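Chain IDs A, B, C and D follow the sequence of writing; residue 1 opens each chain.
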Amino acid sequence: MDFGSDNVSGVHDAILEALREANTGTAVAYGHDEWTARAVGRLRDVFECDLSAYLVVTGTAANALALAACCPPHGAVVCHHEAHITTDECGAPEMFTGGAKLMGVRGAAGKLTTAGVAGMLATLGRGEHEQRPSVLSLSQATELGTVYTAAEVADLAELARAHRLHVHMDGARFANAVVRLQCTPAEITWKSGVDVLSFGATKNGALGVEAVVFFDPGLTDDFLYRRKRAGHLVSKGRYLGAQMLAYLHDDLWRTNARHANAMADRLAAGLRLVPGVRLPLPVEANEVFAIVPRAVHETLRAEGARYLEWPGEGPGTDGPAADETFIRLLTSFRSTEAEVRAFLAAAATAAGQPVAPASAD
Amino acid sequence: MDFGSDNVSGVHDAILEALREANTGTAVAYGHDEWTARAVGRLRDVFECDLSAYLVVTGTAANALALAACCPPHGAVVCHHEAHITTDECGAPEMFTGGAKLMGVRGAAGKLTTAGVAGMLATLGRGEHEQRPSVLSLSQATELGTVYTAAEVADLAELARAHRLHVHMDGARFANAVVRLQCTPAEITWKSGVDVLSFGATKNGALGVEAVVFFDPGLTDDFLYRRKRAGHLVSKGRYLGAQMLAYLHDDLWRTNARHANAMADRLAAGLRLVPGVRLPLPVEANEVFAIVPRAVHETLRAEGARYLEWPGEGPGTDGPAADETFIRLLTSFRSTEAEVRAFLAAAATAAGQPVAPASAD
Amino acid sequence: MDFGSDNVSGVHDAILEALREANTGTAVAYGHDEWTARAVGRLRDVFECDLSAYLVVTGTAANALALAACCPPHGAVVCHHEAHITTDECGAPEMFTGGAKLMGVRGAAGKLTTAGVAGMLATLGRGEHEQRPSVLSLSQATELGTVYTAAEVADLAELARAHRLHVHMDGARFANAVVRLQCTPAEITWKSGVDVLSFGATKNGALGVEAVVFFDPGLTDDFLYRRKRAGHLVSKGRYLGAQMLAYLHDDLWRTNARHANAMADRLAAGLRLVPGVRLPLPVEANEVFAIVPRAVHETLRAEGARYLEWPGEGPGTDGPAADETFIRLLTSFRSTEAEVRAFLAAAATAAGQPVAPASAD
Amino acid sequence: MDFGSDNVSGVHDAILEALREANTGTAVAYGHDEWTARAVGRLRDVFECDLSAYLVVTGTAANALALAACCPPHGAVVCHHEAHITTDECGAPEMFTGGAKLMGVRGAAGKLTTAGVAGMLATLGRGEHEQRPSVLSLSQATELGTVYTAAEVADLAELARAHRLHVHMDGARFANAVVRLQCTPAEITWKSGVDVLSFGATKNGALGVEAVVFFDPGLTDDFLYRRKRAGHLVSKGRYLGAQMLAYLHDDLWRTNARHANAMADRLAAGLRLVPGVRLPLPVEANEVFAIVPRAVHETLRAEGARYLEWPGEGPGTDGPAADETFIRLLTSFRSTEAEVRAFLAAAATAAGQPVAPASAD
C-alpha cells in the first residue's frame, strides 16, 4: 500500500532489459552514441515533427535547463504558485537561469487561467525596475492531478506569445495527461504553442531519463553548453538512449500511464464511498487528492499505508477542517488492484464501514 | 581497438546485475533508500573512517558540488592548469560555486608541486581586489596518467592548510591510483589531509555513479541543498546505491582498476619498441601518452584505432615535432590483451617494423 | 508640484559643500580614507554600539549585499509581497545571493505580521526540496508609508530567530521612520533584533550614499569581497565618507526627514478635505497614498503635478473603484509649503471645491 | 609625492562645479534626466557615431556589465593574463556573466598579440566540454602603461571576429592612450573593430563616473536590466550626467590626460638618469614602471613617497634581481612638476647621486 510517489516504484522490466542489451562493445561517449540518436528519432515520430531533444537524468535538470534556454537572468518565469518548479526544486530554475524570478499565479485545481496570467502581467510594466516575464510554464498533468485540454494550452500559449513569453511545459507526468486526454502528443504541445517540453519518463517506469524537447529551434543554441556545465552530460550516454527507446517502444509509455491512471480512478471511486471522505479535485491523471477524517488517516498510517500529507493549500474553497487531513495518493505503472483493494478496505474499516471490497471495482 | 576513453566501455556485468536485484518492491525516493545507506556504510569501511558521502551521476557534478562546498563565489580554486575541472567541465565549477576563479598552476607531468603552488600564492595578497584562494584541487590519478604519492599529497595539503585552503581530490580515476600505489584509500586521502574526494566509479565499470566523500564534517552543511538545486538529487536513488555497493563488493573496484592499469602497462611496453615512438610521460594509471610519427598515427586511424589527439601541451620540454602527433590511449576494465596486441601490431606495421606481437607481453 | 519620488530632489547644500571640502590633497583609495573611517565612527555614535558599516552608492546595492551576507544561494528571503527588494530591484537580491528566492507574504498596509510570517513558514519543512528561509527582511518605513514600532520589530525578529532566520531592515527611509516614531536608531534596530540595516541617505538629501550596517559581527566576513566583485567598491571613497559625515552632522538626517514628514502630513490633511478623495493608509512617513476620482487625477496631471500611479494592489479591502485612481505622493527635504498648498488648491479646484488654501495649514 | 594611483587624486574643480550647477530643481530619476541625455549626445560627438552609452559609477561595473553583454555564462573572455579584469576585480566579470572564464594570454609589455591570441584559441575546439571564447578584451592603455596602435587594435579585432568573438576595450585610461597616440577616439575603437568600450573618467578627474559605450547596437538589448539588477542604476542620475558633461566639455578629458602623461614622461626621463635604476617598459600613458635598487626603494618609502610595488611579473626577460624592487608610479591630472622634481631628487639622493634637479626638465 505504497502510494507515496510514482518515484517509489522501481524500473519497468523492459527498460532494465534494454540496459542489458545495450551493454555490448564500446560506444562513443557523451551522447554521441547510436541509442541516443535513435531515441531522438523516435521522439520525432511520437511528436510528428522535426524536434530537437536532449536526454538528462532528472526532471529537475530537464525543467531547469529548459527554462534557462528561454529566460535570461533578469527574466521571470510565470507559473502556478504550486508548480513543482517553484515549490519543489530548491531553486534549480533560479540557479540555471542565473537568478530569474518565479512569479506564482493562483488558479483553481492547480491550473493557470488566462485571466489569472493576464491579471498578473497587468501589474507589471515598469521596465528594468522589474524582472521581465520571459516564460510561461505549465505542468501537464498538474501538481494537483488535473490536466489542461489542448484548447486551454492554446489559449494560454496565445496569451504568452502576445506578451513575448516562451511557453514551457513541465511534463513529468506527460504520459498520464496524454492518455487521459486521448489526444496525440503533438496536439497538446507544439500544435498548441508549446516551445519546449520536459518529457518525463522516470516517474512512469524508467530508471532515470527525461528528454528536454525543443519545438522552437531558436532556443537550442546554447543547450549543449548549458547541459555540460550543469554536470548533466552523462558520459555513458547509451544507457539513457536505451531507456528512452524502450520507453517509447511498443507504446510502453502509454500502457504504463494508462494503468497508473486506471488505478487512480479505482482508488478515487472507492474513496468516494468511504464515509467522511471527500475528493475535492477531479482525478485526471494518476494522482488522487482526498480530505479524510484525521482518525481515518491515523489508522491508515498505523497500518502501513504510505502517501503524502499535502503541504499546500486545499483546492480553493474546500479545505480540510481541523479534524481532517488533506492527502495525496499516487499510483504508478506497478500499482496493483490488490493494493488498491487493500487500501480501500483499510480506509472503510477505519471509517467504521462494513467492508465491501467489491465496491471498489 | 578503442582506447578513446574509459567512458566508451560499458557497464560491468556485476553492476548491471545489481540493478536487476534492486528492482523489487517500492523504495523510498530521493536517496533515503537502504541501498544508498549501505553504500555509504561500505565507503566508511573502505576509507576506515566516519565520512559523509553523497551519490551523484556524473563526475562533473561530483567535482563541482565538492568545490562549491569549499569555495565561496568570490573564492578561487588552485589547480593544475591542465586539470579536468578547468579544461573539460565547461565552467561547472564556476557555475556551482557562483563564479569562483580556477587558478591554473603549471607542473611537469600533470602534477602540482609545492613550489609551484607556493609561487602562485605568493603573487597574491591584495585583499578583496583578488579572488581569495579557498581550495587546492588535485587529480588522482592526474589527467596525464601520473599519480601523487601519499607523501606528495601530504606536502601539498600541508601547504594548503597553511594558507587556509581546503583540499579537494578529483578521483575520477582514484581506483587506478590506489592499485598503482599499493596503498590504502585512507593513506592518500584523509590521512594525507584531503578534505573532500570525488570518488569515481563510472569510468571504472559503473553505469553512472560517483560519490562525493567528505572527510571534513564541517563542509557538509549545505550539501543536500546544493545537490538538489543542481538537479542532481536522483529520485530512484536505490539504483545509485546498488551500483556503488556492487562496485565496492568483493573488491570489484580494485580488480577492474588493476586490469586497466595492466593493459596500459602492456600498451606502453609495446609502444616503446615501435620505431619512432616515444613515451614522454611515466605510465602510472590506465593512461598512455605517446608521441608518434604522424604517418603512423594516420595509418592507425585508417585502420579504425580509436584514441585521442591530446589538445594540451606536450609534457614539458619534450613536445611533438611538426611531423609527429601527441596521442592519449586509455584502457579500461574491459580492454583485452587481444585488443592491445592488435593495436601494437598495427603500430609496428605502420612504423615499418616486422610484426613481433610477442614483444608486447 | 513634483511629488513623484524623493529621488527627484537634488542634494542638500551641506552635503555638496562637504564634497568640496573633501577635495584637497590625495587620499588613499578604495575606502581606506579618513572620511570613511570617521563616518563609520559617527554611525557607531548614532547607533550607540560597536557596529561594522560599509558605504555604497545605491540602495539596491546596499540591500542586495546585505541579503547576500545572510542568505546562501539555496536560501530564501521572507519579505512583504510588496517589498522593494522583490518588486523593484530587478532581481538584484537574486543576483547577489546567487539565486535565492524571495518569498512574499501579504500583510495590511505594507507591513508583515508575525501571524503572516509564521503561517508562511508553516507551509514549508520538506528539507532540501525547498529553498531554506534564511532571512526576514523588513522595510522601515515600508513601501506603503507606514512604520513598524519597536515592539513590532522585536516580535518579528523573535519569530525569525526561532526559525534561525537573520533579520534585515531595508532602511531606505529609515530617517523618516525614526523621527516619526520619536525613538532612537538603536531601539528599532539592534535592540529589537535587527542583524543588518541598509541605512539610506540618498533619498533624504545625499548625492548617492548608503551604509550597510552590521550589528551581527558574524555576518561581515565576506563583505569586502562581495562589495568589490559587485563593482561597488568606489575608488575615490572619500566622497562617500564625506557625504555620510555631512548627513549625520548636526542631525541633518533627522532635520531633513522631519521636514519631509511634516510636508506629507500637510498634504494628507489637505487631501482629506477634498471631496471624493480618501486616504486608505495611515501617513507615517513621507508618503501619502490617496484614492482620487479619475477626473481629479487627470486634471492634476494636466496641470503638471507629478506623482506615481501606484501599480500594486490597494490597501486591503479598500481599493480604487473603476472611476478612481490610486496614487502615491512623496515629499522630501526640499518640498515646500508653497508646493503643497499649490497642489491642494489644484486638487480642490479639480474636485469642484471652492478654494480654501488655509485649510491645508 | 603620491604616485600610488590615479585614484588618490581628487576631483577636478570643473567637475565639482558641474555638480553644484546641476543641483537646482527636481529632475527625473534613474537616468531619464536631461544631463544624462546630453552626456550621451556629447559622447556621440566625441566618437563621431551613433553609439549607445550608459553611465555607471565604477570601472569594475563598467567592465563587468560590458562583458556580460557579450559573453554567456558558458563563455570565456580572452584577455591579457595581467589584465585588470582578471587580476583586480575579484571576479566581477565572473559574477556579472554568471560564471564565464577569463582566459589569460601572455604577451610582452602588457599587450596581447595576434600570435598569442591565435595560439590560445588553437588549443580549444572540443565543443561543450570547454567554455566558448566569446569576447576578446583589450586594455587601452594597458595595465603596464603601454598602448595599442590603431593598427594593432584592428588586427586583434579582425582575428576576434574571425573566431566570432566580440571585442571589448577596457578604457579606464582611454584618455591617456588617445592623447599619446594623437588619434581620434573613433580610430582606436569602432573604426578598428571595437564593439564595446568602458570609457573611464574617474581616474582622470571625475568623482565617479564611467560610460559603457556600445558601438554594436545588437549588444544593448538587456543592458538596462543588467545594470539595474547589479545595483548600478543610480537614482539621482543627473549627477552622473553632469560629471560626464563637464569631463567632455572644452576637451577637459584630453587636457587632463595630456598633463598626466607629461608628468609621467618627466618622471621617466629623470629616473633614467638615476644610477642603478632602469625602465624596462616604454612609457606610453601615465604609468612609469621602474626596477630600482631595494635600498633606493626603502629610502624613498621612508621619505614618504607613495607608489606601488608591482605584484605581477616583470616585463618579460628583464625582471628585478634579488636586491631590486619592481615599482609602478602613476601620475594624474593633479600631479605637479614640483612633486616630480621632489621625487627625482629623493631618488637621486638615495642612489648616492649629487642632486641635479634640472636634469628632470
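Throughout what follows, contacts are C-beta pairs under 8 Å (C-beta built on N, C-alpha and C of every residue); 3 or more make two chains touch, one makes a residue touch a chain.
Predicted model, so just to flag it, every value in this text is computed and none were measured.
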{"item": "Contact-pair overlap exceeding half with B-C, pair selected from A-C, A-B or A-D", "value": "A-D"}
{"item": "Whole-Å gap separating chain B and chain D, where each centre is the average of the chain's CA atoms", "value": "42"}
{"item": "Mean-CA-position distance for chain D and chain A (Å)", "value": "52"}
{"item": "Rounded Å distance, chain C centre to chain D centre (Cα mean)", "value": "36"}
{"item": "Sites on chain B at which at least two other chains make contact", "value": "30, 73-74, 89-91, 94-95, 98-99, 128-129, 131, 225, 228-229, 233"}
{"item": "Overall pattern in which the protein chains touch one another (line/ring/star/complete/other)", "value": "complete"}
{"item": "Complex interface listing, chain C residues touching chain B", "value": "30, 72-74, 98-99, 127-129, 131-132, 222, 224-229, 233"}
{"item": "Chain D contact footprint on chain B (complex, rising order)", "value": "73-74, 86-91, 94-95, 98-102, 123-126, 128-131, 311-313"}
{"item": "Complex contact set, residues of chain B against chain A", "value": "2, 4-5, 7-11, 13, 16, 19-20, 22-30, 56-62, 64-65, 89-92, 94-96, 202-203, 207-208, 225, 228-236, 238-239, 306, 334"}
